[in-house]
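The letters A, B, C and D name the chains in turn, as written, and every chain counts its residues from 1.
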Amino acid sequence: MSGAGGITTLADHKRRRIDELTARTSEGGGVSLIRDAGRRLLRNPTAIVGAAIILLFLIIAIFAPLVAPHDPVQRFPELTRDLTVDSVPGASAGHPLGSDPLGRDFASRMIYGARQTLFVGVLATLIGLLFGVLLGAIAGAAGGWVDVLIMRVTDVMLALPSLLLAITLVALARESTQWTVIIAVAVVNVPIFARLLRGSMLAQRESDHVLAARALGVRRRDIVLRHMLPNSLTAVIVQATLTFAVAILDAAALSFLGLGDPDINRAEWGLMLGVDGVRYLEVRPELAYFPALAIILVALGFTLLGESMREALDPKNRR
Amino acid sequence: MVRVVSRRLIQLFVTLIALMTLVFFWLRSLPGGPVDALLGERATPQTRELLTRALGYDQPIWVQYGRFLKNVVTGDFGNSIRTGEPVTDVISRSFPATIELAVAAIIIAVGLGIPLGYLAARYRGRLLDNATIIVTLIGISIPIFFLGYLLKDWLTQGIHFFPPSGRISTGMDNTDVTGFFVLDGLLTREFDASADALWHLVLPAVTLATIPLAIIVRITRASVLDVLDEDYIRTADAKGLRNATIRKRHVLRNALLPVVTTIGLQTGALLAGAVLTEKVYNWGGLGTLITDSISGGRDYPVLQALILLAAVVFIVVNLLVDLSYAIIDPRVRVQ
Amino acid sequence: MPLLDVRELSVVFQRKGTKPFTAVDRVSFAVEPGETVGLVGESGCGKSVTSLAIMGLLPRRGNKVTGEVRFEDTDLLKLRPQDLRDRRGRDIGMIFQDPLSSLNPVIPLGLQVAEVLERHQGKTRQAALREARGLLDAVGIPDPARRLKEFPHQLSGGMRQRALIAIALACKPRLLIADEPTTALDVTVQAQILALLKELVDQSGTALVMITHDLGVVAGLCDTVNVLYAGRVVERAGRHALFGDPRHPYTHGLLQSVPRLDADRGGRLHQIRGSVNDNIPWSEGCAFAPRCDRVVDDCIGETVPLEPTSRGGALRCTNPVPQEVPA
Amino acid sequence: MTIGAAGCAKSDRGGDDGGKAGGGTFIFAAAGDPKNFDPIFNDDGESFRPIRQMYDTLITHKPGTADLTGGLAESWSNDPTGKIWTFKLRQGVKFHDGTALDATAVCANFDRWYNMKGEAAQSQMIYYTDVFGGFAGSPDAVYDNCKAQDASTAVVAMKKYKGAFPGAFALTAFSIASPAAMKQYGSDTVTQSGDSFSYSAFANEHPTGTGAFTFGGWNKATGEITLNKNPDYWGDKAKVDKMIIKIIKDENTRKQELRAGTVQAIDFPAPADRKALASEGYKVLERPAFNILYLGINQKNNPKLKDLRVRQAIAYALNRAQLVQTKGPGGSAVADEFLPNTVLGYAPDVQKYEYNVDKAKQLLADAGATGLTLNFYYPTEVSRPYMPNPQEIFTVLANDLQAVGIKVNGVPRPWNGGFKDDVQQFGKQDLHILGWTGDYNDPGNFVGTFFGRGKIEFGDQAMTEMFTAIGKADATVDQAAKKAAFEQVNRDLASKWLPAVPIWHAPPALVTTKNVEGLVPSPLTAEEFNTVSLTK
């Protein structure tokens, strides 16, 4: 019976062939969760559609000044000439989508809208994410009474339904500016992110590699920063993607309630839909339809991507 | 069970006190507020001073807080600035309107959502499934006030199929017993009022139901798919049970567990959605009250009470969901 | 005539966007009435898939099953789904690996036993429940009347597996398939369950297909053993022949890796090199070659056939372990 | 001096009752909730609408105008000092509770207001404080006493002359209520409750006046106020049996209900909808403009604004004609003065500031105020008849100012959540938009309100010349002299003082279905619905 060197009888080319064949069939064995998920994501048509929508939206947002025919806040004499309170001029030469209720170029406002909407959505999400992650990380890392306190606070915040909390925050704000809206929408998400991260970190805390690190005497701060946090972030990132859609919908709802961004010079889709859109639904439905469609599309894009990410990261789907 | 409930109630109490204190001090620190709201454009500095004294705003904040707490504990939330009525009256009048709307929406969302989600899962990958997924995705992505406006525009204006707003036809002169108009009509045998109220309920309820419906469909679908993968379904198959039995007895009951949680979570979304829906349909409920209390004049007493109420409702609903969970899931029952 | 005759059974999994994967590759074996047959192999070798394919329990989509599964006179694979349903639970019972997840958590135990009786014997709920009590009693569950109303999570692991056995045997099937029935259980409980199975099978004359990775289980129970590797049978032999004189290097390796009391105390446990994933396709030679101690040039290049052996079994190997000279 | 008003001419009533077109229920969609139905404790239009149907004032307005005519008083007179007012009351008028309206009842009302106890109650009598200066014991109090000379003659004595009279007697807040009912239902009990007040049963459930409609009920759950025809009304009896005021806050919904045929009239249609509704055959009734929107200038924070040339530059910079054309509700007009041309003292020949960018730039340069940066406060969460959409107006005005090189820093503030405080209490702004709807036909009610004294809103400046001129004009008893004085005030306001820039007069509207007849829109938003009938 031969020992460890039993393959000596094998010709070299065949050995290579085995290695090659082995490598092929064992694909998917040692690949990390995230890379694996990424691969599955790329194969998922839903994710592709979502990502494509977002990409398109991003490109328009970034290159708005190049794409848009005009300045979005300029009032044009040729548009104000025919503008009255009960009729808004439609398409004309140089103004493919016609005027908005103040004689500004509607097409340009739609295009710049991508930028402003992205701004509101991203900031609201990021601020929520930042504070949520901070609170969640502190709670998850510290444990004890700190954890209890933070969780109680998030309980109080979660006690109010999201949009209601945002409405209340706007009502309770000292000033009403675009930031009021962004922060109100952001704050709503803080407890969600905090709880998500904390839960995931608690699971991490008991995991083997954290226990091992602790046994090796790694400093607590390093354990949290290097081991617990990165591994807990994936769930949070997925949530952030989904949050973006909610954020722009909430911003639109606030505008509709008259509690949104008060600066109507700002071309933001939610503002355009919630303020002018519904008012001019009969006089010029495009003023409502275009921003609404844009919002639906973008929300759809982020939802599609977020859900596919969640699906891809779900260990249950690793087969 | 009793311990769970009582612990939750204590938690509710603590949350409320914290919330109340926070809201009180915050409101007092804001510009404008009751004095501004109570006085129109015609106020002279003289009336302003009178009012400040009358409301006790010249007293130290701790005195005001003490009085506020004392009042709240005795169930007195003060009077609405806008209407001058006791806040409790205003709220107890608006509450049934919103509950009526929310219940109708939940009935629609659950009644349609569970079967639809189930069917989508059953015919996974087929046309019905794909169509359902797309429609629900749009349902989640559409701003619901816009949807409300569209529905209203299409179904109440060109063709006068549904009434455009309100809870009941003007001048119906229905007898108000419980505040739930549909129910009142049945109780008082004013069936025309009941039918009229129901007819008014359709569009708002459908609008409000959109998001919960979409979410319930998606959760049900995912949950059914999960359950179909479970070992005990294989066991049931191995027993040779009929498909119908498996579906009813084994799949549905287990698949409903996460759906019940979702329904509970959606109650919150429903309250938020009610703010928009009620504004669109001039529905005199809590949502309208919230909007009016804010933009119609910073009606802080009402706002204060509403915030507390929303928290109570949310917490109570979650408690109910947990309890119903215990009923459906025997694993929870023993703990 | 065998009770169950599996011929050239293949299962190919194919999911959208992935390469097809052959989980079971032309597997054939037979089970005589009352006989106990073992299917042995590491996880991933296709033994569980084989059992599911026999029962028609593979998911409807994403796989292709070919070959024949003759049960008495019928090819189960050709039956309409509803006809197969009539047979499952009545003619063939099945026990699964994880007794907790295999029982519905939200339905009382009694109903889970009774429903199979209602289905196949047309009993009323009450009659079925009454019989269920007897069945629970028969599988050794104490206080069966109370247990009927309890839920799976209220039972111990062994208890649950007993309940599953009761369910599988409720309609007195002629064939019982047990898929790793003891893997999830404590060692002491394992023995009890195996003893119970053996007793019940012997009593009723039910044939048993025992699927396991645990050679110890096979040793105590099976008349015939099929060893599977990478979806194919690599060796088939009677219990004594197999244990006393394994011919395939894989079987040999498996046996070597079982700790034995009679082994040299200082000796190290044998390991099979590599993992199940270190395969080459059967079409390219012997799938086991990369891990095999006895690999020779001929192992690579062309398919190795399964050939009958002199002692009534079968073997798929170019360079088998030499037969031991009887002592 | 006696201003005759020989009753509402009986001849007006001819013809209609005979045609038997009367009866039915008239449903009017209003834009907001009333507070309560005790006239003296209210100061907003939505409360006044039902109140006006249930009560009468001593003097009232001719339908469709702000001109005075007899109400409960058939005629009134004023002594030469302007301090003693004598009212000849209509005979045989009865309150809804059956008690008679006589001089004693009128005086009871005056005394009730003057002697109102408690800060809570007093703080809610906004019109009273404004017009009558204060309560018993206050040195500012205008009212002295009221005597019933005989059953039908009430003599009200004031401590000093006030230009607001007699117009102010027509204010709905000073409606005459039944003393018996007020006593029975404890009308004067106003109690503080939390941050607000509770009113009496009189104010909420038993409002008792002399009006053409009696109180039928207020269903708060459905937002319906029911008013029933008063069959014993002294004037033109209501032509409908019942009127329901349905509260629908959203303008879009009001329009939709009108189209659905569930209401017969709506208040304040969205300016954008007026044309469409008219083309669909609805009657769009424009109220004669009786309001003003202005751009306020606070001279305190930025010293450059003290320079008249800078303020004039601002006036020249604004393209008000374009604003009226693009954003003005139908019937709007550019305002050159702070009062509509129907009001006494309107001067036809004030300096006008036509849109002129070059001139504006020139003036700024002359004043050394190039590169000026101004904080422009504007309200959110509000819609007023004179200011349907403040954000749009701000945006347009700010745009115009930027065009002449003034840097505008827009500061939005919620109407009740800081705007009024910041602008009127703390004067944080340099510029702001605000407006006013007149209460009665008197220049003091417009110009005097804004510029009669130092106001924080305009920087609390010692523009003594302006204050004195307005004060003197306001104190002029002789109407012709008063007219001349105010005309000069208006000329000087435009050319010399320019403390603010008048923007527009924007008439609010009503819309009714085709079958509604006899609804006369009032410039004061003070429609009386007894003349309304429904044809088939």
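General remarks:
Here, a residue touches a chain if its C-beta (ideal position, glycine included) is under 8 Å from a C-beta of that chain, and two chains touch if they have at least 3 such contacts.
To keep track of the chains, here are their UniProt names: A, B = Peptide/nickel transport system permease protein; C = Peptide/nickel transport system ATP-binding protein; D = Peptide/nickel transport system substrate-binding protein.
None of the values given here were measured: they were computed from a predicted structure.
Placing every chain at the mean of its C-alpha atoms, the farthest one from chain B is found to be C. Looking at which two chains touch through the most C-beta pairs, you get B-D. Averaged C-alpha coordinates give centres for chain A and chain C that are 48 Å from one another. Chain centres here are Cα means. That of chain B falls 54 Å from that of chain C. Averaged Cα coordinates give chain B a centre that lies 39 Å from the centre of chain D. Each of residues 252, 381, 413-414, 417-418 in chain D touches at least two other chains.
Among the residues of chain B, those touching two or more other chains are numbered 30-31, 149, 279, 294-295, 298. Looking at the complex, you find that chain A touches chain B at residues 152, 155-156, 158-164, 167-168, 170-172, 174, 245, 249, 252-253, 256-259, 270, 273-274, 277-278, 281-282, 288, 292, 295-297, 299-300, 303-304. In the complex of the two chains, the chain B residues touching chain D come out as 30-34, 36-44, 46-48, 50-51, 53-56, 68, 71, 76-87, 90, 93, 97, 149, 152, 156-157, 160, 163-172, 176, 179, 279-282, 284, 288, 292, 294-298, 300-301. Chain D meets chain A in the complex at residues 252, 270-276, 322, 325-330, 378, 380-381, 391-392, 395-396, 399, 410-414, 417-418. Across the interface of their complex, chain B is touched by residues 52, 55, 57, 61, 85-90, 93-94, 96, 98, 101-108, 111, 115-116, 119-120, 151, 153-154, 164, 167-168 of chain C. Residues of chain A touching chain D in their complex: 75, 80, 83-87, 101-103, 171, 174-177, 258-259, 262-265, 275, 278-283.
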